[in-house]
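By letter and in written order, the chains are A, B, C, D, E and F; residue numbering begins at 1 in each of them.
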Amino acid sequence: MTKQFTHLDSHGAARMVDVSGKEQTTRTAVATGILHTTAEVVELLGADGLPKGDALATARIAGIMAAKRTWELVPLCHPIALSSVVVDLALAEDSVLITATVRTTDRTGVEMEALTAVSVAGLTLHDMVKSVDPAASLDAVRVERKEGGKSGLWERP
Amino acid sequence: MTKQFTHLDSHGAARMVDVSGKEQTTRTAVATGILHTTAEVVELLGADGLPKGDALATARIAGIMAAKRTWELVPLCHPIALSSVVVDLALAEDSVLITATVRTTDRTGVEMEALTAVSVAGLTLHDMVKSVDPAASLDAVRVERKEGGKSGLWERP
Amino acid sequence: MTKQFTHLDSHGAARMVDVSGKEQTTRTAVATGILHTTAEVVELLGADGLPKGDALATARIAGIMAAKRTWELVPLCHPIALSSVVVDLALAEDSVLITATVRTTDRTGVEMEALTAVSVAGLTLHDMVKSVDPAASLDAVRVERKEGGKSGLWERP
Amino acid sequence: MTKQFTHLDSHGAARMVDVSGKEQTTRTAVATGILHTTAEVVELLGADGLPKGDALATARIAGIMAAKRTWELVPLCHPIALSSVVVDLALAEDSVLITATVRTTDRTGVEMEALTAVSVAGLTLHDMVKSVDPAASLDAVRVERKEGGKSGLWERP
Amino acid sequence: MTKQFTHLDSHGAARMVDVSGKEQTTRTAVATGILHTTAEVVELLGADGLPKGDALATARIAGIMAAKRTWELVPLCHPIALSSVVVDLALAEDSVLITATVRTTDRTGVEMEALTAVSVAGLTLHDMVKSVDPAASLDAVRVERKEGGKSGLWERP
Amino acid sequence: MTKQFTHLDSHGAARMVDVSGKEQTTRTAVATGILHTTAEVVELLGADGLPKGDALATARIAGIMAAKRTWELVPLCHPIALSSVVVDLALAEDSVLITATVRTTDRTGVEMEALTAVSVAGLTLHDMVKSVDPAASLDAVRVERKEGGKSGLWERP
């Protein structure tokens, strides 16, 4: 087995890998996650496509703000100038689907930024609903698609 | 249905709820999550209980640091003086189990801090393994147990 | 004239004054400010008491989050454990009135936290409306009332 | 009326708009604000053009540091690499005029950064003078001039 | 040898140790450091006890602000409510002596906060003087004295 | 004497200097520092080139994360998009040698980022060892080498 983590050197020490040789190109990543909760909570969050109060807005804004701070949270991520962040929240019967789409024109991909937006939007939903549903669960936080850069398009199989 | 989110006022506006009437007592919360990845990645992370290089340490430290910043990330969380944070990572066949235990002596519970530690440790693992396994998924981020304060002990059913 | 700024020592050097001798008591502060803009902008923000979209929620949440970070922004402010933050936005004919109420149980007052919440909510409104009204102005950012602590109640004359 | 806020999508949801198609050009913005206080406070701040102690320096530095953190405070602002920030404080009879000039070579304008520098310099002055003048007021925080980018020069009418 | 680092558990994993059993008492720490530079630089910084411009104020304020953020920078430090921070800068022939005194009423000592204030004041002096003296060196960053808490007074031997 | 600090204007006021006219080129800086402690502490940190537990990893990661936040800590530093950060820790008899290498492709040098990485790695070692050696000292925090940009190569004489 010859594969290695690029974030570790040959002695296993963590490092922020050198991207100075990479090109500044437009890169996009889409990540998703699901907050599993109860039908009662979903009804409190909204109905008929209409949000009730600021609950969803709070999660959306928290996700956008967190995407910008990914490099402060994840130790080996590069600081990246994000060009756009969109966080979409869709209510299902007893769950909320979170989708984050992030774009940059920089030297490295933005899948971590999309995953961070999803996670923090999910944490904020957790916080919002916990007085009604302390047992909620955030699941399937993962990359769906990324494109741009040398490695090109990747889509979840 | 008379239940409401405590984070919204009667008009639906987001607010940071008043905890000044609550007592400063010792409160503990435990949260968990699972990074699903591949057996190959787990082997790169460690073997026989011995971590290889800084990979797990990086995630552990990221989780601890993020717990302290929960109130910066989750808009309606109160700033809390954390007394202790422990992040434990256990390697399974093709997954990593993340457990965070957080304690405070303050006016509000720390389940959001425990969930944030788990999420950011999970994001950091995502970042570490993504060059080998871009399809990894963070699942089951949820509270297992909380105790202390007026509401007392809660355990996941 | 014998008055002096408490934030400067006798040589004029900035310092964070010692509050260790003060008591931890409940303290409240209310601050206000006004964003002057156009009737067209106010109509885009909402009508008949109903906000249109996330515009007001974004400002409200930004104000709440900034209140918690006051001590990071204002160099000589003490870190304070805020018990509650409420940001209220009221639409008038061609302006938005911003009111922030902040409470703590700590060793120093929270008027700076209330002023910071108002200012950053105001900045966020500036940002929201600037594509339609680049000439908007944030005015009258000031303390209306503070109570608690040794100095007791102060109300704007 | 067809105007809309660019920060909201067609459903009213907040988003960080896509600037990846914009060019990286030099952009400058100037914002101002006025702290209205008392003649006594102004005398404590300085005389004959000479500042007394660190009071003005503290506000100047707070404004510069805040400009760099605008994107952390204002939810839908893009992270921008600032090329220069200058904060100027001019003492008048019973007020302090704050002027911030910010420059970048990036994909979006810097008027929010200039407004943030003015606001936080103003908050810091509020904090400095509050032991002598709790009734001070920060007024007229607004953009005076911006240039660069596709929309070119804008000056306050 | 039976001594161990309290920040590591029995398996060597980093953790934030539990201080919930400790008492909230007044604790003080003093740390110092020296920036070695040139006589030319010291002359530019000030003369006859009078600072020239904002150079020393910038370092003093940076040190105070950094002390409050110690727990964000040093991974295993607890968030602490600082009661006071004083940073003193004394010019010598070809060096600047930095002294930071920090006080809290909390569950753990503040020597890390004092060391952080010294280090960041020193970094800021490095930054200020580097255009004239790129060879400057920050030395002897260390604790001089700490008191309070169960371990009582410690003074550098 | 005609030299002046570039960070101060002709009146001595602090400012963030304008780098918009500079070119985006690859720039590298190397800084070092030494934590002087005891042989007993070094033995606890590792032996035979093998670290014991997370102690060194914690310092390494703290240094990397701090390098990215230099512009938040040092008031007049520009925000810079770092391309790589490596922090190396070498155990000697009774000391730890810290070396940080930072690279960017931006408009200004990264010696402050390298110095910040060294300082915060050093602070983290201070924190790790303080229960065993409260008298440890961080020394010789200085730039060893920088290259790139108009001023070209500089090496410590």
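Convention: contacts are C-beta pairs under 8 Å (C-beta built on N, C-alpha and C of every residue); 3 or more make two chains touch, one makes a residue touch a chain.
Note that the structure is predicted; figures quoted are calculated from it, not measured.
**Student:** Using the touch definition from the top, how many steps at minimum link chain C to chain F?
**Tutor:** The fewest touching-chain steps linking chain C to chain F number 2.
**Student:** Chain A and chain B are the same sequence; what rotation (0 to 180°, nearest 5) superposes their CA atoms?
**Tutor:** 180
**Student:** Centre to centre, by mean C-alpha position, how many angstrom separate chain D and chain E?
**Tutor:** Computed value for the inter-centroid distance: 31 Å.
**Student:** Give, as an integer number of Å, the spacing between the C-alpha centres of chain F and chain E.
**Tutor:** 16
**Student:** Taking the mean of the C-alpha atoms as each chain's centre, how many Å separate chain A from chain E?
**Tutor:** 36
**Student:** List, in ascending order, every residue of chain D touching at least 2 other chains.
**Tutor:** In chain D, the residues touching two or more other chains are 13-14, 54, 57-58, 60-62, 65, 69, 75-76, 79-81.
**Student:** Which of line, ring, star, complete and other names the graph you get from chains that touch?
**Tutor:** Chain contacts: none of line, ring, star or complete; other.
**Student:** Going by the contact rule set out above, which residues of chain B touch chain F in the complex?
**Tutor:** 54, 57-58, 60-62, 65
**Student:** Can you list the chain C residues touching chain B in their complex?
**Tutor:** Against chain B, the touching part of chain C is residues 26, 57, 60-61, 64-65, 67-69, 79-88, 103-105.
**Student:** For a test of understanding, state which residues of chain E touch chain B in their complex under the given definition.
**Tutor:** The touching residues are 9, 13-20, 71-72, 75-76, 78-81, 106-107.
**Student:** What part of chain C is in contact with chain D in the complex they form?
**Tutor:** Touching chain D: residues 1, 3-8, 11-14, 33, 40, 43-44, 52-55, 57-58, 61-62, 65-66, 69, 73-77, 111-112, 115-116, 119-120, 122-124, 126-132, 134-143, 146, 154, 156-157 of chain C.
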